[in-house]
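Report on the following structure.
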Amino acid sequence: MLENLKQKVYEANMLLPKYDLVTFTWGNVSEIDRESGLFVIKPSGVDYDQLQPADMVVVNLDGEVVEGEMNPSSDTPTHAYLYRTFSEIGGVVHTHSPWAVSFAQAGVDIEAFGTTHADTFYGTVPVADALTQPEVEGAYELNTGVVIEREFAKRSLNPMDVPAVLVRQHGPFTWGKDAMDAVHNAKVLEVVAEMNYHTLMLTHGDSSIPQYLLDKHYYRKHGANAYYGQDNALSHNHSTAIN
Amino acid sequence: MLENLKQKVYEANMLLPKYDLVTFTWGNVSEIDRESGLFVIKPSGVDYDQLQPADMVVVNLDGEVVEGEMNPSSDTPTHAYLYRTFSEIGGVVHTHSPWAVSFAQAGVDIEAFGTTHADTFYGTVPVADALTQPEVEGAYELNTGVVIEREFAKRSLNPMDVPAVLVRQHGPFTWGKDAMDAVHNAKVLEVVAEMNYHTLMLTHGDSSIPQYLLDKHYYRKHGANAYYGQDNALSHNHSTAIN
Amino acid sequence: MLENLKQKVYEANMLLPKYDLVTFTWGNVSEIDRESGLFVIKPSGVDYDQLQPADMVVVNLDGEVVEGEMNPSSDTPTHAYLYRTFSEIGGVVHTHSPWAVSFAQAGVDIEAFGTTHADTFYGTVPVADALTQPEVEGAYELNTGVVIEREFAKRSLNPMDVPAVLVRQHGPFTWGKDAMDAVHNAKVLEVVAEMNYHTLMLTHGDSSIPQYLLDKHYYRKHGANAYYGQDNALSHNHSTAIN
Amino acid sequence: MLENLKQKVYEANMLLPKYDLVTFTWGNVSEIDRESGLFVIKPSGVDYDQLQPADMVVVNLDGEVVEGEMNPSSDTPTHAYLYRTFSEIGGVVHTHSPWAVSFAQAGVDIEAFGTTHADTFYGTVPVADALTQPEVEGAYELNTGVVIEREFAKRSLNPMDVPAVLVRQHGPFTWGKDAMDAVHNAKVLEVVAEMNYHTLMLTHGDSSIPQYLLDKHYYRKHGANAYYGQDNALSHNHSTAIN
């Protein structure tokens, strides 16, 4: 069942250690097959060294296991919620990458300070409000999706323009058109967080770029007038992410 | 004698350079066989490149060598004291990992700022009071164990809930159900220290998480109601550490 | 056409990931053949893992493709402008290396704080003024070259003495006698930026070195009286860069 | 001539990239044969990838080449001066390792903040006063040795107790009983500098350890009562460095 997708999700998961985004088993990637309404996700707590494509778990949009012998990631209800809420996304990633976590713990948004940011994220990557005590003690992982949705609604953000969020006191979730794209965004977020940190330490002030530079760089890589890359065919150009 | 344990302790020691936790020979791992009351520890000052399982030294709870041709780690009396004092622990690790050492040198506790911390440590990882001059000039390594015990007593901490300490002006000791678990905790401590440092620089304030989030994440991985991982059988899930 | 140069430019591009200067495809290197007035540059958005010498694109000084099946780097007009403006340079590099980008985002010049800097850069590496809205919305990549030229004119800098600039809100461009030299300068800039950052955090003040130390170290490696290295023949000594 | 020593010095030089202490060719190691009064040093500006044992240059205590087809390191007069001045040392290392350089550029001493420091350096690693204009414009590399000697005299430091210095606006020199020991000290200095930086950022105050802890740790590894390691025979224990 969904063998190709399992292979894809396996490969996307294996990029997390390659890109230095995980310690131990602290990350997970999923991708959805929108036709069947099923998604494939990493099993919970399995070492990357031992992970196999066949270990991937098939789950439905209620977060129930449809196929697979292992428990899915404990964050599965968050993935399911994001797939239900953000209908255009095809892949979701969660990590504890250290720079992004530091901003999540500090409650500091990752603002667009430069073109590195603008090439991928169309504006500020928000920190979502902390979960309340009832939200933590209730359906915690599902409520993690709820606070993300709430933050995007409150700020009127399009999740395809800003495919990342920092869950307060926790860490980053990113998404994209598919699993690979979501992993790409997870890496960009970590790099951008590192650059923002050092920029903030140098200035202790606001270094936000103007809207016209944000527009320029974002639309250089995204949308109908994108001109970066090779037609999105031969290269790993991510400019098709929101086409 | 205890050949299987020597192999285990050797492998746990070799994880220290793999996890970037040691420079030169600045780390050591031991594990105890509670039935015989003997523990196995790395020899003192031997390069990881040259270390062999047969080099491991068997020591009793008074810190006396029972078998082995090499001197045991100079920190052996600290390990012995911790095994005598904390009856539930099965493995001990000491390193000079740079982020944890920085907090130990600064005398700043590693507080729970996020879920990465809460998944492993049930609250603040304390800095123990500095050893006094008589404690340093006396049985120094044994007294290092004494100040750890004193700090845990003073703060009413359960060593299985908070399996780590920073010895002031020195560095981290961690422990766990066995050597591998103690090494796992040493790595988590280093990662959490790095995240805490950057969080502190971003906020210059207190970013402690609420008790209910600490409870949620800690008990997601530990105790009877843990639901992270694969039954603790197929994976390197550490949720059995204190069962 | 220019097969040797394609090979050279390919090899120089492959040094960017080797020297930890790029994430994904965020960098490009070119080198010019001054006789023909053509330069060779990396194609846009192609992964370094998949890059081949034959993928290199031949471009004229107006930035028009002369040979090659792929789109050239989207930064090609900047390279072309720099070759037209700085007649002595033979190679150009652009990256998003994180330390240099942090200074570009903060708008903080990289001043000469030590001999590591002075060995390669004869004084401050400037941050160029941000592009104006018309400059961003017009011929953006060409205008990136314009602001670099303007900054060097305003500060009366010789581009062969200071072969690097930080484009505000964007990142570093470096150049040199050829592609390899420009890559060398890109790496030095990143290392120097890292050292400057930590120096600034330690002092919160000006740590600029005196002119006589700048002279001593710069001319130890550059010009007629250079005495570092092996006659610039057997080694990768860069002292010939501006001879 | 001195073929064994060339091999030793070659191997010690090759540890610099292995220990992440150099970028490009920015480092050099030498070792002296006290009987003949000759020392062997790396050639100037040669890539580590291409370095061969036969490339090592034999130099006398006046810094004159006695054997070898390549130019010796441009820092040779500093090495020679240190061998003439500090009669007990057998090896010298110079690098531009980034943490140590940051302190040299900032003019901030590396004080003993913990046992990691005390295990190798018996107290503060000093920043030497900057060279004056005549010193820079005169016999610069020799005068670099002069300011080191002056700083040690001014502070009444024994170079075997504190086998390292930061040359202001430049970077670290370390030494030891032989080349390997000097490289060891160069690595310890870099690690200690990194830890001190983060400690300073956390506290913004003095974290110096008391004399009795400095004594305890230093003499645990050095001198007649050292008890760390394996008799200094089987292991890379450096406790014999000043015996």
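First chain written, first letter: the chains are A, B, C and D, and each begins at residue 1.
By our rule, a contact is a pair of C-beta atoms (placed from the backbone, for glycine too) under 8 Å apart; a residue touches a chain by one contact, two chains touch by 3 or more.
Quantities reported herein were computed from a predicted structural model and do not represent experimental measurements.
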Contacts common to chain A and chain B (chain labels): none
Angular offset of chain A relative to chain C [C-alpha, multiple of 5 degrees]: 90
Greatest separation from chain A - chain, by CA centre: D
Same-residue or different-residue interface between chain B and chain D, half as cut-off: different
Chain B and chain D, separation of their C-alpha mean positions in angstrom: 33
Geometric centre distance via CA averages, chain C-chain B, whole Å: 46
Junction residues of chain D, two or more chains touched: 201
Touching pairs among all chains present in the structure: A-B, A-C, B-D, C-D
Sites on chain C touched by chain A in the complex: 23-26, 43-47, 50, 70-71, 74, 96, 98-99, 101-108, 130-131, 133, 136-137, 140, 169-171, 197, 200-201
Touch list for chain B against partner chain A, complex: 113-116, 184, 187-188, 191, 194-196, 198-199, 201-203, 207, 209-210, 212-213, 216, 220, 227-230, 234-237, 239
